[in-house]
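Naming follows writing order (A, B and C), and every chain is counted from residue 1.
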Amino acid sequence: MTGQMKNWEVVIGLETHAQLSTSSKIFSGASTAFGAAPNSHASAVDLALPGVLPVANRAAVDKAIRFGLAVNGNVADNINRRSVFARKNYFYPDLPKGYQISQLDLPIVKGGSITIITSSGEKTVRLTRAHLEEDAGKSLHEDFHGMSGIDLNRAGTPLLEIVSEPDMCSSEEAVAYAKALHGLVRWIDICDGNMQEGSFRCDANVSVRRPGDPLGTRREIKNLNSFRFLQQAIDYEVRWQIETLEDGGRIQQATVLFDPDTGETRSMRSKEDAHDYRYFPDPDLLPLCVGEDWIGAASKQLAEVGTPGMRKELYVAQFGLTDYDAALLTQSRETAAYFDVVVGAVGAASVKLCANWVTGELAGALNRAGLDIAQSPLPAARLAALVTRVVDGTLSSKLAKEVFEAAWNGEGEPDAIIEKRGLKQISDGGEIEKLVDDVLAGNAKQVEDYRAGKDKAFNSLVGQVMKASRGKANPAQVNEILKKKLGG
Amino acid sequence: MFNSSLKELTAALAARKISSVELTGLFLDRVEKRNGDLNAFITVDRERSLMQARAADSLIASGKAQPLTGIPVAHKDIFCAQGWLTTCGSKMLSNFVSPYDAHVISRFNDAGAVILGKTNMDEFAMGSSNETSFYGPVKNPWDRTRVPGGSSGGSAAAVAARMAPVATATDTGGSIRQPAALTGLTGLKPTYGLVSRYGMIAFASSLDQGGVLSRSAEDAAAVLNVMAGFDARDSTSIERPAEDYARDLDAPLAGLRIGVVKEHFGDGLAAGVGAAVQAALEQFRKLGATLIDISTPNSGLAVPAYYVIAPAEASSNLSRFDGVRYGYRAPEYRDLADLYSKTRAQGFGAEVKRRILIGAYVLSHGYYDAYYLKAQKIRRLIANDFAQAFTQCDVVVGPTSPTVAFPLGAKASDPVQMYLNDIYTIPANLAGLPGMSVPCGFADDGNGGSLPVGLHMVGNYFAEAKMLNVAHQYQRATDWHLRKPEGI
Amino acid sequence: MSLSVDEVKKIAHLARIEISEAEALATRQQLNDIFALIGQMQAVNTEGIEPMSHAQDLMLRLRDDVVTEQDQHALFQSIAPQVEGGLYLVPRVIE
């Protein structure tokens, strides 16, 4: 954070669109499969042919309920038993009806929260609401004789729009929130989370203010479909807003797009019109009523599937892990599953070590490579084999890192690497004693210094022994034997 | 043959006195002869109709005939029929050949009925005189200088002129019942949700309901037996066991309690119309019914509330007509916004545009509560009035329309006067109740002639069989429904 | 209440209907007549009345999550004003 920014507070709220992973669309029986030939999944209803009508998909509602329970500790007081589909009216070629079916006054989910972790610790981000709506189609801007092409395959795909309170105050927190949400929706199996395909995308509402001032005017950055873009876009937007205000300018409420090529945000021309969406309850769709039996079943199902939060609590209670470590290990279902395999193989007695390897070395390597844990070149069983060798004393932590590197690079099983590279730690007392004897014989001066009370000389001798062993001698044993010989 | 009831036609077909091909051909000849004058049909397609008639004949030959098999039925051009031009009376859909069948059309097809043609109507069903059709006004067979009523004026004229044995129609504020009254027919608008709206081009979704224009209550019952039925593709379609709407036709009326709304006999009701309705009430008394004075204090607010709710829904429903996926597209435009606004300015007629503007306005920011929400509350009050009335009586009876058919052009330039035509019919749509109009005499047309008068009846939810019984008993005692226009 | 010509133009724009100055003027008069009729609603007190947005007091029926629709884009696009490569064409969309 620059010095200039110190005098400003940043306020961020996120609106996230998660595509619900149903087979058919929210209001039609057309397939939601991604990547089909243009308009081959656009049914009469999706095309808004004259006379067609929407019929709502039970699975989309079920997933929305599951989400609501998951962000509220599996307590159903944030599920509206009666919610209402409304029409949001505007003209756009990817919106065939000229209105989007959404929810306004009575969304299916109200409230709840998401816990995030950042470098400064844990934080709770409150959710305002989550509502069901349909996705729009896509405008393709390749040149069709100066025209755009409209593909309505995506039109009608179910979305859960998850709206947070403006509880975040940095791009780091916004990204942590988005990641936590991403992990959650995938964990509870309501969204595939595929950001490249647009299954999970964020709009960020950003404003800045002087501490103590009322909220500043916000600008909304639309359609951020990667965590990196989310961070870059917010960082740029915050800098831009602060500079604008410090130059005496004013912020106008606007909808902006982030351009990944320039790293800048710009106003959307199509949104310049002041919008008046003329929302009203959709007369084609009666109130959506959710009974207690349905909620009970959804709650039971959620208890089986679990949530990152539930798993985190388990890790803390069962393994005595810190909140921070447990939170890191439950960022995604895959991370937790990976960790479970490692702990299962290494043993619960070494759970801390396992956690450190997963959240430290492995997470760092994945991050550098830009990979998800599911794409890790190092499967959990191999990391477990490596950690086992640390536990049984075969590897020093330094050597373990070398083995990790090799295993990451595809050199095979850790034991084979240890064997091949001769990295096994020397823990044989006789062998170490021989090395110590050689060093003592060749360093009479240091021995003398040590005996004269210079402690530093001891460290130097340890270093000499380790060097002689090419790093493989067990440091604890070296210490012990050296002390014995010098003292003797 | 042209004056035969459906029962008689079915018997003739079953006895092989006539084939469906012959019967359909006779009616098609008649349409050909009279349509130039009356303009009741927008589309006839002899080959397509005869193909269905041939299929019907083989069904009859193989003993698989159902009621209505082989009977030619005219359909309001609001019902999508696959392969048929389906215009909804608008330039906007003047090139729209429907790629699918409305549920109603499927029901008739499944019954082996023959599509005789598509009838003229007010554009998008917005009108009470059939003068807003892109295809020109329909003329009243009783007096060709006068309107047949609307919006189902084409269906009414077709049946009144014996160009079709029976026709389908739709009713949003009186569009079945008012034309029935003005052309001396029996018109039935069922309970909202009884007939599927799937494939019935939407005007005001929470008010629209498909129904029948026929020459007798007995015919209407036979047609409703085919039309009505649950449809999973319409979320407002009501799931209930199938019933035979003809089951109670012959029940005596002794003990029937008829509610007479005193508010419906006040200012604005033409004297001759009032007298005919009073005479009908006397007839019911003779049939053993009891007349009970009731009050529906809020019915005076029905027209104002309707002209908020219906345009609001219509403005949204008609947004899909944008020149992108089907229908009319303006030949010249500068850009996307221009394509929209020119297509819609050229594709819609004046009345449709007027209602879209009213609708957009009442839903717009700052006006929603004062107009839309207020209208919805009044709608509730009106429904409550009826609920109260039905604790005292079985049906509510009064005039269908305040006047007999008025001259073409008489009200075309004064929307408010036109809207007041539906003052007696609109409350049933707001409440979702079934309504019916039955010929009950003639009244002075102010020009030396006399024209048909309709008796309006509203029943409780799902009381269609009861209403048809009441109408049938009345028609057994009177012959108003057997009168036909001169020269027909 | 009374609409101004500018308001008429504004709602015509909201509804994407091109309107000339003369049309806006004529429309304004008609709309004001209609709003005089609509205005009668204000005479009745509706405090505490539940708004009624549907003709039935029923709840939404839901369908099972099953793909029932086949690819019919050739049929559907046979009635489209302008298509290419399976896409509907419109004047360039600017975001």
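To be clear about the criterion, contacts are C-beta pairs under 8 Å (C-beta built on N, C-alpha and C of every residue); 3 or more make two chains touch, one makes a residue touch a chain.
Note that the structure is predicted; figures quoted are calculated from it, not measured.
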item: Dominant interface by contact count, named by its two chains; value: B-C
item: Central chain of the complex, centres being mean CA coordinates; value: C
item: Mean-CA-position distance for chain C and chain B (Å); value: 23
item: Centroid spacing, where centroids are CA-atom means, of chain A and chain B in whole angstrom; value: 58
item: Rounded Å distance between chain A and chain C, as computed from the means of their C-alpha atoms; value: 41
item: Where chain C touches two or more other chains, by residue; value: 14, 16, 53-54, 56, 58, 60-61, 63, 72, 76, 82, 88, 90-94
item: Chain B residues counted as touching two or more neighbouring chains; value: 96, 99, 206, 232, 235-236, 315, 319, 322, 324-327, 336, 340, 360, 364
item: Touching two or more other chains - residue numbers and ranges from chain A; value: 44, 47, 49, 55-56, 91, 93, 150, 276, 278, 280, 283, 285-286
item: Of all residues in chain C, those that touch chain B in their complex; value: 3, 7-8, 11-19, 27, 30-31, 33-44, 46, 49-56, 58, 60-61, 63, 72, 75-76, 78-82, 88, 90-94
item: Residue ranges of chain C in contact with chain A within the complex; value: 14, 16, 53-54, 56, 58-69, 71-73, 76-77, 82, 84-95
item: Residue ranges of chain A in contact with chain C within the complex; value: 22-24, 28-31, 37-44, 47, 49, 55-61, 82, 85, 91-94, 139-141, 144, 146-152, 257, 268-270, 276, 278, 280-281, 283, 285-289
item: Complex interface listing, chain B residues touching chain A; value: 79-80, 86, 88, 93, 96, 98-100, 102, 197-202, 204-206, 232-236, 312-313, 315-316, 318-322, 324-327, 336, 340, 360, 363-365, 368, 372
item: Chain B residues touching chain C - in the complex, by the definition given at the top; value: 95-97, 99, 192-193, 206-207, 232, 235-236, 238-239, 298, 300-301, 303-305, 307-308, 315, 319, 322-327, 329, 333-342, 344-345, 348, 353-354, 356-358, 360-362, 364, 370-371, 373-381, 383, 414-416, 419, 429-432
